[in-house]
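Letters are used for the chains, namely A, B and C, taken in the order the chains are written, and counting of residues starts over at 1 for each.
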Amino acid sequence: MTPLLSVQGITKFYGHHIGCKDVGFDLYPGEVMGIVGESGSGKSTLLNCMAGHLTPDAGAVVFDTRSDGPKNTVTMSEPERRMLSRTDWAFVHQHARDGLRMGVSAGGNVGERLMAVGERHYCDIRAKATDWLGRVEIDATRVDDRPTTFSGGMQQRLQIARNLVTGPRLVFMDEPTGGLDVSVQARLLDLLRGLVRDMGLSAIIVTHDLAVVRLLADRLMVMKDGHVVEAGLTDQVLDDPQHAYSQLLVSSVLQV
Amino acid sequence: MSDYNFAYLDEQTKRMIRRAILKGLAIPGYQVPFASREMPMPYGWGTGGVQVSAAVMTPDDRFKVIDQGADDTTNAVSIRTFFERTAGVATTTKTSEASVIQTRHRIPEERLSEGQILVYQVPIPEPLQFLEPRESETRKMHSLEEYGLMHVKLYEDISRHGHIATSYDYPVKVEGRYVMDPSPIPKFDNPKLGDMAAIQLFGAGREQRIYALPPYTQVVSLDFEDHPFEASKPDHPCAMCGAENSYLDEVITDDTGGRMFVCSDTDFCEARQAAGNTGTMNGRDAA
Amino acid sequence: MIELKNVSKTFTMHNQSSAVIEVINDVSLSVAAGECVALTGASGAGKSTLMRMIYGNYLTQAGQILIDGADLVQAEPRDVIALRRETLGYVSQFLRVVPRVPTLDVVAEPLRAVGASAETAQARAKELLAKLNIPQRLWALSPTTFSGGEQQRVNIARGFAHPYPAMLLDEPTASLDAANREVVLSLIEEAKARGAAIIGIFHDEAARDRVCDREIDVSQFTPGIAA
């Protein structure tokens, strides 16, 4: 079986400072991978290198494209990579405002990716947008409202709808539940789990919230100072951490 | 002869602008940056158009300026006078007699012919700017032909108004490649952009961009399959000349709701009246 | 079906002066299809630790754990995930779910994960919840607010939704009343009858005697206690 994403030796320096060093793993279709670590551990740098927002200093990010099979996205042409990022890839930002067009209606936000891949039938686009609002539990009557009138949780769900409308195969998520209150987080987690299962999505989730990875991720990578210190099954890493730092991380979580 | 260099600008500057124009003609719809000069008029008064006109003008040219279709408004009169004084060229108000026509917000009703040059004054050359303010990003979108965003603007129109309510500044796609802002002409004029015999040049002074359409270029107005582009105008004949197919201005005639619709293209309207056409305001039937 | 060969485990506490604790030493055992084996030994003897190792939840340092021929110790995470989805079921003592998900969906999920339609999975979930005496009015609610006994029964329903060929049961009858205990024991008997290999921990001796074919005393493998 071909991995959907094969990350090989990704290294990124900021001057002399290490962003992340020699990170590698394979992600298979339908798998959800969590990346945890404290602030500054390099997890966001890694995510941005994988998603093409940053160019790594070394390493390859090989994606199994629909048309041509595995291709290194680091060396592929920019138009090709950008096409990938609005068709087969999705990126959910921590702050919904970074991933939404705040001056455009909810329907327009969801429809943008459809129009970007060439859909030109207004009623079809609107129907698909409305359908997706329903899937992320936003009332269809809000289709013409701007995200500025939405709550934080709704904005985050809208961002997810906007990202998933073109049926991507890989979703990058940067702290998707950060900044939301716990009841809204729970609803979002449930939604994400359902979407991952029903659409057969693969996902890479960067977070510092261990509860989130336990519920969403099959596999877990623990990062510290730009290095991966431990990787494995999520419940194994959380319940039987091997590395000193992972043990510290797990034992530092407050019990509710 | 005037004390200015011919057409105000120095020869080096005109040469720089001509290079930008030639590049623009070679890549229809592509915005070419140029080093816009300070002109003796404020930005927004046609500095881009004036620089382009100055660069293409020769002593043998006959120059016409229209503002919203009219030859007799302040802006048109002052730019016409500007070139009379700085270039000493002949001027005219007749569309067919002019070799260079500078325009603000209209395309003349009369079909232009080969050998004529139409110069547009452009306030904002970037059609994507309203939805994507970063210029680094809009340039990339042009170079990669990522134009989904343009349709988002039209989508928003339909969702808010039930139809595409954009009535001027209506975006077009040039030769199936670049999306272009046609300057704030009414969308009624959009169909005239394509397949035109004259050269069309667009100058944006403040934004320092020039772009161009060579003769007989394919220009398509963006739309949706189920909401096709429509060139609309007020559903009236001209009150002065009775024309049915010209773009009309609404003129308020009193403070009790009286109004009339007249051709915005004054030369077109006058020519028709001279040929004996009349409308409700001056015709025998109204008298 | 389930086979352990010379399996050992230590815990290294890096943050507590790097203390190394040997917990399981050189376990070998095997459970055939249709057989139920009980792990016995005093509290702290390592029954749950051993069970978690068999599930892949705890990392095994040495030896082989073969589930249906596949070695769990060497397997890639995705192989372990596939094994858990298709082959190896685990009913823990604690229910861990996404908050706000209805009980019916919690129970139906393992079947949905192996590709069953929503209708099929929900029908099976309803059948199990009814059998385990969870009142129908609770099915649409999240189990996070349920009592301990109710949560335990939801957990069991979830564990038995998909007919796993190998199952691990950690105290399945604890905190259940007699009627529900009876239902759980009959579920175990049904699983055995269809050929499931089962390893269980039962403090309830009567239950153990009824469903288990053999007992294995874990104390013999735990160095701390044996020494």
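Things to note:
Going forward, contacts are C-beta pairs under 8 Å (C-beta built on N, C-alpha and C of every residue); 3 or more make two chains touch, one makes a residue touch a chain.
The chain list, named the UniProt way, goes like this: A = Putative phosphonate transport system ATP-binding protein; B = Alpha-D-ribose 1-methylphosphonate 5-phosphate C-P lyase.
As the structure is a computational prediction, the values presented were derived from the model and not from experiment.
Central chain assignment: A. Criterion: smallest distance from chain C-alpha mean to the mean of all protein C-alpha atoms. With centres computed as the average of Cα coordinates, no chain lies farther from subunit A than B. Rounded to whole angstrom units, the spacing between the C-alpha centres of subunit B and subunit C is 76. If you average the Cα atoms of subunit A and of subunit B, the two centres end up 46 Å apart.
Inter-chain centre distance (subunit A to subunit C, centres taken as mean C-alpha positions): 32 Å. Chain contact summary for the complex, subunit A toward subunit C: residues 28, 31, 183, 186-187, 189-190, 193, 197, 214-215, 218-219, 232-233, 235-236, 239-240, 242-244, 247-248, 251. On the subunit C side of its complex with subunit A, the touching residues are 11-15, 52, 56-59, 77-78, 80-81, 96, 98-101, 112-113. Residues of subunit B touching subunit A in their complex: 131, 140, 144, 146, 148-149, 151-152, 155-156, 158-160, 223-227. Subunit A meets subunit B in the complex at residues 78-79, 82, 86, 101, 103-105, 107-108, 111-117, 120-123, 125-126, 143-144.
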